Each structure stands twice: as structure tokens, then as C-alpha cells.
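The same chain A turns up in both complexes below, where it pairs with chain B and then with chain C.
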Partner chain A sequence: MSGAAGGVASVGRVQLKLRKTLKGHLAKIYAMHWSADSRQMVSASQDGKLLVWDCFTGNKLVAVPLKSAWVMSVAFAPSGNLVASGGLDNICTVYNIKAASPKTLRELDAHTGYLSCCRFLSDSEIITASDKLKRPQTIMFTNHIGDCMSLALSPDMNTFISGACDSLAKLWDVRDGACKQTFSGHTSDINAIAFFPSGNAVITGSDDCSCKMYDLRSDQEVIGYQDTSLNAGVTSLALSSSGRLIFAGYDDFNCHIWDSLKGEKVGVLSGHDNRVSCTGVPDDGMGVCTGSWDSFLKLWN
Partner chain B sequence: MSSKPHSSNNIAHARRTVQQLRIEASIERIKVSKASADIMNYCTEHARNDPLLMGIPASDNPFKDKKPCTIL
Partner chain C sequence: MEKVIVAMQDPDMGMKMRNQRLLITVIPHAMTGHDIITWLIQKYSICEEEALHVGGMLVKYGYIYPLKEPRSIVLHPDESPYRFQTPYFWTSTRWPASELDYAIYLAKKNIRKQGELMEYEKERYSVLHKRINHTWDFVVMQAREQLRASKQRRKADRIVLECQEQAYWLINRPPVCSVPLHYTILHNILFCTLYCTLHCSAQYTILDCTIEASRRALGRNRVKSSVCLEGFVKYSEQYQNHDPIMQGCLPSNPWISDDTAHWTMNSEMVPTPTRLRVECWSFSFMELLNDNMGRREFMTYLEKEFSAENLCFWQACEELRHGETSRIAEKVEEIYKNFLAPGAARWVNIDSKTMDKTLEGIKRPHRFVMDDAQMHIYFLMKKDSYPRYLKSDLYKNMLAKAIVPQETKKSVFPFMRRQRHSSPSPAQAATTATEEDGRAKGAGQAGANSEGGSHV
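Up next, the complex of A and B:
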């Protein structure tokens, strides 16, 4: 891929400015997810709270107290009415945040392992990742050997991709639950996974300190993103709206920016005082949010 | 023998694995050169609509703190 991209114009140095620092959590932030309106965002911290933010003003809109503080994942429903979270309690809890005070709607507790990631398909369907992937209705996805750490829905919502501690990424059909493709190459746990916006490729980030792009239609890795100076594992990643920029959060407290086509580092977002645990770009592509164990969320563009 | 149910579990598991591998091996694949070209084209087509690539003018930036203007 980097050979083929030789003719593409370079993006130059990407310098994004810190626009806002969202303060409010009292402990490590483990997960964040943008709302479909590209304005609200929900974050989860092991201080036992979910906070819903208005990112244009920096104000907190809703605080959801959690039964269990050991939260690892949070998701915003496409409608913006619901959020879900889960973690070491092995339960995925869905909350109605439009109610006068946040109400627990459902508790999905058929998991045998901790909940590492969850994503809404709609207000009534959610995919959750634990040691097995599950949908609350009937379909169970049981192909990973190691804990599944991350999942991402395809843009057309017909498939999703999961990354696990067995260093494999797998593509699943949402409706029939079949594993359609498996991608190997990483040498350690895959912590982060995202779809390229066209839906034809996925990007993975791993504890082996590298990210990779796998193309779905040719069923193989097409480019790797690694640098000998980077010795920290990748915790999270997000793509800009055209797919050209990859924002990868690392254990070295930074979020490094990669040119997805040329495989080169083109920038860095520095400012956190601890590991960057989560990264997200809203649907309108107007910025990047990084969340960290330093308890702050930062908005950049 | 007490190990028999265990070994038949292993065989069943191995069968499922082989079955899955057969399914995955039989999918239709396109050439990497075409796949790469498609990805590159997608990026270049959408580049001008990517605010993080193109930059955002201060007046349109929703995250930038707006300071009130004082007219002297």
C-alpha cells in the first residue's frame, strides 16, 4: 500500500490544537463514545460515573452513577436517548439519559467474562464483547480463543469486527452470527479496532506497539504502522472522516497521528499526564477526543 | 476410559476449526493492488470534506472557545 501511495500528495505535518480540556472525572477514564449528533459525548471513569458532555460548551449534561465502578466500555445509542456501559461486573447496563434522572433500562447479565466493549445497533439491539461476543437475543459468537477486547460496527451495520487477546481480528455477520474472515499478523493482544470509512478495510492497534490495516476484500494486511522509537502499546484508535489520518492512543501518554496511506507518522497530540485510554472522532469529523488515565478528556482540532 | 469423552471433545473442536478454516479459505478475494487503489481513491475523494485534514476556519470551529469582542 505504501508503495502504491507513493504518488499521493503528502499530508505534511498535521498539527492540531488543544481546544478544550474536559474536567470532571475523579479517576482514570477508560472509555468514551461520541453521539451521532457529533456534539454530545459520553465518557466512563472508574470513579463510578458516566458523564455526558456537550462538547461545544464543555458543560456536563448528565451524570449517571454506576452500580459498579469497574467500567471498561461505554456506548451511545444512535438515537442519543440511551447509553450503555459495562466492565468487570460482567453486566452490560443500558440507561435512558433523557429521563428526568438517568434510569436503568435493562441489565444484560448473561456474560461469563468482563465486558470489554459494547456498541448499539439500534435502541433495541446491542452487541457486547466479553470473553465471548453476544447479542442478547439468541446469537452467540464464540470463535475467539482469548478475551475479546474491542469491537467496531461496519458503516453499513451488516458486519462487525472484533479484536482479541489471541492477537486475531475477526469479521462477523451481524444477522447470522457467522465468522466470515480472520486476520492474523499481530504478535500481541489487539486492544483497538476500527473500520475504514468505506467499510472495505479495518485498522487494528495492538500491545505489540503497532497498528495494521487489513483489507477485507483481498483478505490480508496491506500496511503496518510502526516505528522503532515507539515502544508503547496501542490502547485505542480512531480515523478522520476521509480515513487518511489515524489517531492512535498509546501507553506513552500520547496520541500519535499516522498517514493511513503512506504509513508515516505525521503528528502527535501531547498533553496527557498518563496513558491515553480512549480516542474518538465524531461522525462529522470535526475533531478528535482523547481520554486518559489522568482523568481528563481533551478535544483537538 | 475416562479420557475418551475428553478426546472426542477435542475431535469435535478440531472438526469445527477445520470447517471454519475451509469456509474462510473459500471466500472470493480481490487483488491487493486493486484493494489499495480503492482505499487511496476513497481518501483522495473525501479529503476535501475532512475537516481534520483541511483545517477548520476559526469562525466555524465548534470546539473553539468564542471570546466576546469588545468594540472600543
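Up next, the complex of A and C:
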């Protein structure tokens, strides 16, 4: 892959500056998700609150109190009206945040394991990942042997990909629930997964301290991103809007930036005092947000 | 693979062992190459070629080692003797082979044979000596200890142990190290294990799944990886200008300048869109449809061509797919009435096979019943109307009208032109020429602008 990208101009050193620090959570932040309008963002922390921020002004717009404080994942609906969260309570709760005070719209509790990730397909459909993957229309995607830790929707919404503790990444079809492809290669749990913006490749990040890019059409791993100096597992991944840069959050309190085509490390975002637990790039690609166990969210650009 | 080995060593069903004579000592538990092949053929009912191949793999990865010529790691189907490697030295349990262990082994050999190391071993020895110099004392001490302990064993055992160790290191540190063995090991071991378990009576479910997945993978159509890789590179390059992190953003990145001009210029419905946005529509059909403004423009174009019902049908199907479950039946009815029924107001042109399938599905409506028809119409539009739209006057006018926003003026301090874009500013290339005179005028100009341009 780096051979194919040999002709591409190098990215050079990417230095992003910290633009804002969002303070307000009282405990570790476990998950965050950008809204489709690229301005609002929801974050979940184990102090039992979901906070919806306006990232431009830094104001908190809505605070949603959670019934169970052990939240592990959060998702914003594309319309911006709904927010879903879930965690160790095995329930995925959907809230309506446009109402006067955030109301619980629905509780999806048919899970047998903790909820590690959820993503909205639309206002009426959500895919949740627990030890099995489910959709409310009772189509269960059961093929992973270990806990499914993360999931990502393809840009065309027809397929999604999931990464699990059995170190496999699987591609599923939303409609018939069949596992279409499986990718192996990692030697440890896959913690984070994301689609390349063209929808033809998937990037995974794992506890074995490396990220890998798998191509869907040729069904194989095309490049790995690892560095001998990095000994911490990858906790979260996000891609810039052209797909050129990968922002990977590690356990060593930093977020490293990789050039996706050449496979080189091109930068680092340091500033957190604890493990980086979640990263996200908004749809318009303006910058990147990292959330960490030190209870702060930082916006970089 | 290990199951095979264990089966081989089974006293009843396994290989026939013979004693081997080495000078005056008799070494038990040896077998000939020929025996190995015959046993494999018998046990797994495979042909001789396959048996040779599997046997060869077993030798290559160190589960069986030859006694006569230890350096040739092949399986000879004749009377040459082989022996099983002890599980302690199996590749799977002891991999990766560590530098330290190798150093100890070489040191032992050096001491014992007084400089009779082979060329490549001598080289590696000196390299290791340099590299782990700090623990060299430990290495030498370990080597001496191990030699002393082995002297207290019977000669036969000692020879066996030496042979085993030598074989292990021959596998793991081959003389010509072209490809790191452990990379190919994983691939091949997996393949070999699959192969063997296919024939073995006891099968693990995990391996079952892997076999299934591999079989399916073999049957799947694949695109050449070089083609795919080029695709990624092209995509990245195409979208680089649209990536604010890589390329900066006009008029200015709101996060940096606290100026929301960019968002207002790019909001859903503006009278004149930005140039980047319009260019994006030409990248792919999906981009055009995803942007509401683009969709509207395309609809206007289609109306001129009298094929607007295609886009309307597509939109209706999208709503069906992502809408509420309770309204599915009613939406399907509507779509049928408007687009599919013979003599419908906005009848869409679908081929008969798809039409039949869809009509069948309508009897039991569900979210994805219109998918085939929708796909058909989507590709119709993509192949036919979309390219014509891009060449049309409508699009070209839009592109010409589209604005390239001016970069907002620099910050308050007139004499400090700080680099505000962490990534290169797209306007910078154009303005580098005028920067020199700009700076001279900057004082006067910025002074006037500082009132207008200052912000909290």
C-alpha cells in the first residue's frame, strides 16, 4: 500500500493546536458522538450524565440524567432529535432531546450482555452492539465469539462493520443480517473501528497496539499502522474527511495521528492526563475532538 | 498440526519406531521418512503427493527433524531417519524465539566445540554480542550452567537433547533469512491446521468456522488489490481540498477564528453555494443526492428531461427504508399507486423481472421490499441522467455562479501576521506573490481594519 501511495505528496508534520477544552463532566468520559450538523456533540461519562455541547461556543445545551451511571456508549441520531446511550445495564435507552426536558423515548432491553456501542441508522432504527449485535426488528447478528466492542456504519448505510474481542472484524448486511466478510489479523481485542470515507475500506484499532486497514473489495489487509515505540493499546479511532489522516487514541494518554496512505506517524495530540477513551471527527471535518478519562473533552484543529 | 503429531506418537495407532544406530550409541524413537509418508497416507487417506507435502511442512516447521543431515530441512521418503521434536521446542509454544536464548545456545556451542561454529553462526554471534552486551555475562554464565547440567546426563539423552536444540535453532534462525519465518509460519500453520483438521476426526468449532469462512472467501469475487489501493489514493487526493484539517478552509475555520461565516455559507439552502460544494457534486452520484441543494438542482434538470419520476421514486423508497415501522404498509401502498401500478401517474420504467419480484414482495410489505427496484432506478439515473447533468448548462452555470469565499482578514495586531491555519491556507498560494507589498501596506490597512475586524 505504501508503494501505491509512493507518488502521493507527503503530509509532513501535522500539528494540530488545542482550540477548546470542554469542562463539565465529573468523572471519566467513556464515549462521544458528533451530530450530523457538525456543531453539536454528545458525550457520556460515568458520573451518570449525558451532556450535549455546542462545540462552537462551548456551551452545554442539554444535560440528560441517566438511570444507570455505567454508560459505555452514546450515539446521536442523524436528524439531531434523538440520543441513545447504553452500558452495563444491558439496556439501550433512547432520549428525545428536543423536548422541553429530555424524555426517555424508548428502552431497548433485549440484550444479554453489556452494551458497548450503538449507532442510529435513522430516527427509527438503531443498531446496538452487545455480546451479540441486535436491531429492534429482532434480527440478531450472531457470529462473534467474543464481546463485540465497537461498530461503524458504512457511508451508504447498507452495511456496517463490527469489531470484537475475538480479534475479528466482520462486515454485516443491514437487511438480511448475514455476515458478508470477516477480517482477521489482529492478535488482540479490537477496540475501535471506522470506515474509510469512500466506504471501501475499514480501519481497526486493537489492544495489540496497532491499527490495520482492510480493503473490502479485495478482502485483505492492506496496511498496518504500528510503531515499536508505542506500547499502549488503541482505544478509539477517527478519520479526517478525506480519509488521509487517522486519529487514534491510545492508552498512553495521547492521540497519535497516522498518514493512512503511507502508514507513517505524522503527529501527536498530547494534553490529556489520562487515557484517551474516544475520538471523533465531525461530518464537515473541521477538526477532531478527543475525550478522556480525565473528564475533559478537547477540540483540536 | 500438533494433533497430527500427537496422533503419530500414539503407541498403538502411531508410527512404528525403530532404533537408530549412531556410532556406538543407540538412539531410540527414530523413524524413517518412508514410514512417515506411508502412515500419513494410511491415516488420512490422502494421495502420496499430499502426504509428501504435509510431511514436508511438518519438517519445515520443526515438528520432526532429520538426524542424518540436520541442515537439510526436507522430508526424504526413503530410509533417512527422523525423530519427533519434543513439545518444549514446538514452534507454537516457544515462538518467538528470543535473542537471549539464541545467544545462550551459540555460546554453549562455542564453548563446547571450541570455535566450530558455522560462518553465519559466527556472524550472528558477534552481532548479538554487540547488541546485548550488557547481559553478556549472564549469557555466558547460563551457557556454562547448562553445559554442566547436561554432562550429568546419560550420553544417549545428551545427544538427543543436543539434536533437538540444534534442530529448533535451525528452524528458527535459518542460515539464509530472506523472509522472517514467523510471518510465513502463521499463514502456513493456519493452512496446515485447516488441512489436517479437515481429515481429522476431532474437529474444533472455531476451526470449523474458519474453514467455512475461508471456503466462502475463496468463492467470493475479489478485486485486485492494486486496483483498490489506487482507488484509495485517488479518493484521498480528490477530497484533499475538501478536508479542512489537511487543507485549511475558506473563509476560515470556525473553530480557529470564531467566525461562523463558513457555516452560514454552506448551510442547507443558500442562493449561491460555494465552489467546493458544487465541485463535490461531480465526484460521485451519492454526493449529489446527499446534498439537499444538489438534489433539488438535479430534480430541476430531470424535470426538463421529463424523467423526474425516477428521482421521486428513489426518494420515496429512501423514506420507506428509514421511516417508521408503523407506516410501512401505507407507504408501500402509496409507492405502488404512484409509481408502479400500470397506468400510474408517474410510472417508472423497471424491467419486468424486477417488477414481478417487487409486486410479489408488496403482498408482504416490509422495509426493504422496494430495494431491488430502487437499485435499478438508482443505477439508471447514475449511468444516464447523471453524466448528462454534469455536462449540462444548468450545472455549468451553477459552477460559474458559485462563489469562492474570501479569506477573512488577519487578526487584530497589525504587525504580527500569525499563521492562523495549522494546515496550509488555500489562499496562501495565490497571495504569496502579493505578500511583500501587502506587508508594507499592512500597517496602514490593518490599522483601519482593526476596529472592524476585532472580536472577543
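In the analysis below, the second predicted complex is superposed on the first by the 301 of 301 C-alpha atoms of A that agree within 3 Å, B and C clash if a C-alpha of one lies under 4 Å from a C-alpha of the other, contacts with A are read in each partner's own complex, and residues count from 1 in each chain.
Definition applied: contacts are C-beta pairs under 8 Å (C-beta built on N, C-alpha and C of every residue); 3 or more make two chains touch, one makes a residue touch a chain.
Quick caveat: nothing in here was measured; it's all calculated off a predicted structure.
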item	value
Combined model on chain A where chain B meets chain C, clash or fit	clash
Which of chain B and chain C A:L299 touches, first, second, both or neither	both
Chain B versus chain C as contact partner of A:D156, first or second or both or neither	second
First (chain B), second (chain C), both or neither touched by A:R106	neither
Which of chain B and chain C A:K28 touches, first, second, both or neither	neither
First, second, both or neither for A:R175, with chain B first and chain C second	second
First (chain B), second (chain C), both or neither touched by A:L121	second
First, second, both or neither for A:K60, with chain B first and chain C second	neither
Listed stretches 93-101, 165-173 or 219-227 of chain C, narrowed to the one that overlaps chain B	219-227
Doubly contacted chain A residues - partners chain C and chain B	1, 4-5, 8, 11, 14, 16, 19-20, 39, 55-56, 181-182, 196-198, 200-201, 215, 217-220, 222, 240-245, 260-261, 281, 284-288, 299, 301
Residues of chain A that touch chain C when the two form their complex	1, 4-5, 7-8, 11, 14-17, 19-20, 39, 55-56, 121-125, 137, 145, 155-156, 175, 181-182, 196-198, 200-201, 215, 217-220, 222, 240-245, 260-261, 281, 284-288, 299, 301
Residues of chain C defined as touching chain A within the complex	206, 213, 217, 220, 222-233, 235-240, 242-246, 249, 253-256, 258, 260, 263, 266, 286, 321-325, 367-368, 371, 422-423
Chain B residues within the chain A interface of the complex	20, 23-24, 27, 29-40, 42-47, 49-53, 56, 61-65
Chain B contact footprint on chain A (complex, rising order)	1, 4-5, 8, 11, 14, 16, 19-20, 39, 55-56, 143, 178-182, 196-198, 200-201, 213, 215, 217-220, 222, 240-245, 260-261, 281, 284-288, 299, 301
